[in-house]
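Right, I'll just put the structure down here and ask away after.
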Amino acid sequence: MRFNLGFFLREAFKNMRLNLLMSVTAATTTFMCILVLGIGMLVNAHVSDIIRSIGERVEITAFFPEDATQQEIRQAREEVQSWPEVRESTYVSKEEALQRFQESLPEIAQNLEDNPLPASIEISLHDPADSQAVADRLVESGYFAREDISYPAQTIDRLNTITGYITWALRGATALFLISSVLLISNAIRLSIFARRKEIEIQKLVGASDNFVRMPFVVEGMVQGLIGSAVAALVVVWLNFFFVDWANRNIPFFPISATAVDTVSTMAILIAVGVIIGVAGSYLSVRRFLKV
Amino acid sequence: MRFNLGFFLREAFKNMRLNLLMSVTAATTTFMCILVLGIGMLVNAHVSDIIRSIGERVEITAFFPEDATQQEIRQAREEVQSWPEVRESTYVSKEEALQRFQESLPEIAQNLEDNPLPASIEISLHDPADSQAVADRLVESGYFAREDISYPAQTIDRLNTITGYITWALRGATALFLISSVLLISNAIRLSIFARRKEIEIQKLVGASDNFVRMPFVVEGMVQGLIGSAVAALVVVWLNFFFVDWANRNIPFFPISATAVDTVSTMAILIAVGVIIGVAGSYLSVRRFLKV
Amino acid sequence: MIRFDNVTKVYGNDVLALERVSMEIGQGEFVFLVGASGSGKSTVVRLILKEIEPSAGTVYVNGRRLSAIPRRQIPRHRRSIGCVFQDFKLLPNKTAAENVAYAMEVTGQRRRAIRTKVPQILELVGLANKMDKYPDQLSGGEQQRVSIARAFVSQPPILIADEPTGNLDPETSVGIMQLLHRINRIGTTVLVATHDKEMVDVMRKRVIALEDGRIVRDRVKGAYLDEV
Amino acid sequence: MIRFDNVTKVYGNDVLALERVSMEIGQGEFVFLVGASGSGKSTVVRLILKEIEPSAGTVYVNGRRLSAIPRRQIPRHRRSIGCVFQDFKLLPNKTAAENVAYAMEVTGQRRRAIRTKVPQILELVGLANKMDKYPDQLSGGEQQRVSIARAFVSQPPILIADEPTGNLDPETSVGIMQLLHRINRIGTTVLVATHDKEMVDVMRKRVIALEDGRIVRDRVKGAYLDEV
């Protein structure tokens, strides 16, 4: 028997028109699930991005010894800047240090005789988890003493711990949404096919093969999944643009970045999920009634 | 016609047994939706709690003038402590201030001649949004000069802005989950009743009144909703206990509190949502087919 | 008891199922409604049940104009009519006994009454040993007899049977017709739509013949095909 | 063509529908299967279609033992049999024409062939003007005729009709029986389960009579009720 794609497509669309209530319900279910899943992905992406940029703000400060020469300082700065873990390094001279101190604690600064503050280099990293390693390396380099290197070890530890857990929690939530979507969408499909089990029985009794019966249902599942998830994906992407724009205008100090979410791949994933569940759900749900 | 509760209950349970696939599917849908909704509520409660306790860590420091008498200091402390916005206030004497300074910046402290540090009072508030008001009040009280009151105004502003938005976002997410749940569960109910529309038609044709047809379906919806949401609510409460326990052991520095979630009212809300959607969904879905 | 007054029924926009049908069936009458397939017999039945509304004309049942019955009172109206449906209309999730019992339950009768009455009536149609079977476990004729039993069970003043013997062997058919006859004798108005020529000819009751939606014959003691 | 070899069918654990039934229907034969309601006629049909499996014994169709047909080949087997079902089994979401066409589509026939054949066959059963109606817009007899048309349309070597005239008036019934007769004359094996006494008596074909699941009579030129 030749594979009659045209027939299956016609069948699928005719059935969707006739069972409009069911088709709309299945597509709506897909839409809601994919929407929630997509919003979950957005939150995931933005939180990860925020965590990353908070990490970038953690700084290591290395104080130069009082007797460091200009030559040594220059070499040290060059060397540090060349390390791959280092995102940025800033040199703070004795004078700049004093100025900063005067700004922050003017009362105490008044009482200072000469400049007791050392020159330093402030280093920000790509990943705060590297802090310990970079500190070690600073000591190894020979320019700094261990006790002259300061970084918020506890803060970084906690930040690492918590961001690790948050990342896992977000993955867990996304997994939960995904599992829920699979279950809820396939439940809806199963119910809508259950409502038509007699039809399947009749089709089998007049000589239709399993695939012949199944194909229109699978096409239906695909189309419903596609429509539901495509609309949801568009809404998700729009929400993202809207949110980024809003955040940049209303909370500019907060690190919300337009590049946190890869909209194309997000849409692709969401639509793929919707279509795959639609197809697989129909395929499996029909099978249960084919045993005639 | 007398209202035959026994009959309706028997009918409902018989139908659920016979349409096991449908009943299980509807109950599973309820379970998944209520589970996600419940987890959303947990996240909401814990994040609100965390935000609250971060707010509590924001402090106002008011430095006493050099010439403040012990008497004045005592009065000021008492007065401040009595303000309703104030959660806690701590007095830091000149000596304690010096000691702290020595600990944090020993190199500079070495160079200090006598103690240039003033005594101060550190005030934590119930709500950081009150910072400005409390600062004003401190000035009004006459013990402090405006320039001797220090609080991280910008940080507090931002914190307030962001926690405000986060609260709204969480409410939005909960609303989304709630709307999704309503839609998804009622979709499932609608599909399962759609599968039985012929039965409804027949019942009407042999003389059953609308209510007589509807009651067993409503009871079914109620039972399915109850089972699905009760199981989900139990899982949610268990997850909460598990999470709080885990957090206290693994991230003790992070302010996760067992009292953040009111488990009884959470369970009550979740079960109520499940049952109400089950009942209302059945009621409305049946209605559509009663017009015979 | 049942009166059609110039009743026309058009399905959709194009299918003329009944055209200006007027007839009157008195209380306690026994009437056969005959006619070719598609001539409008089931449409008459559905109009009497108020399952559909006439496109024109008026239907009266029990002295009431059906179009004047409010939605809320339709169930009461239907409970006054026992109906054997051409396609049986059994509830798939109920056993034979439960299907029959359902017609009593909608009228709010006591469980005790139901428990005694249902087995009796199923016995009467020869299904005593199939009481606990579901419709899909019954043969075509057995399903038809359950439908008949359900129509009888609450002893309504009007009994309508649409093709009640289409799936029954001649012997069982005769039994069913005798039953209808007996029920008619205790005062029930009976209307039977049928193709069963032999039955109509034997019973010698009033026959109303439809042809393409119009009444072409109405004889008091008629046959399936009367000399015109 | 069709052979039953000591076939027993027990539904569930307690309902003995067929008991040691043996019969053989040769190619091109025309056979009536008669018997009271519940005697097992539809069970015979369902066994031939391999819709159900016998509890004991063997069924052969087209020379093949049905129990040896693998699941994948059941559709092919069914396509060799045109079947008029007692409850019509029309697809509710398809019009009369589409229902008939479906039986051709499952065999993978060209759309052109379908387009010409379907109207012809519907014309033949008198439904030329109902082609585009859905089953719930058709009268009982019209639905039955759609089911008949569907069984004919792909000209299968075997034609089975379970109570094909139960909802048809005598005139239409005669037409259908003539049709079956014609189809039989071009070589199709025809098996008709029926209660239509008159029809069986008129046609004078082979009659197999069932009683409580056993074959009690098998006459080459029989009547509905033969002298025993």
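A, B, C and D label the chains in the order they appear, each numbered from 1.
Methods note: a contact is a pair of C-beta atoms (placed from the backbone, for glycine too) under 8 Å apart; a residue touches a chain by one contact, two chains touch by 3 or more.
These numbers were taken from a predicted model, which means no experiment stands behind them.
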item: Whole-Å gap between the CA centroids of subunit C and subunit D; value: 28
item: Chain centre separation (subunit A, subunit B; CA means) in Å; value: 24
item: Inter-centroid spacing, subunit D versus subunit A (mean Cα positions, whole Å); value: 62
item: Length of the line joining the C-alpha centres of subunit B and subunit D, rounded to whole Å; value: 67
item: Chain contact topology (line, ring, star, complete or other); value: ring
item: Interchain contacts (touch definition) - all pairs; value: A-B, A-D, B-C, C-D
item: Interface residues, subunit D side, partner subunit C - complex; value: 11-12, 15, 34-38, 41-42, 86-87, 130, 133, 137, 139-142, 144-145, 162-163, 166-173, 195, 197-198, 224
item: Residues on subunit B engaged by subunit C in the complex (per definition of touch); value: 1-2, 4, 7, 14-15, 18-19, 198-199, 202-210, 212, 292
item: Subunit B to subunit A touching residues, read off their complex; value: 21-22, 25-26, 28-29, 32-33, 35-36, 39, 101, 107-108, 110-113, 116-118, 158, 161-162, 165, 173, 176-177, 180, 183-184, 187-188, 190-192, 194-195, 250-251, 253-254
item: Contact set on subunit C toward subunit B in their complex; value: 49, 51, 72, 74-76, 78-79, 81, 83, 85, 89-93, 102-103, 105-108, 150
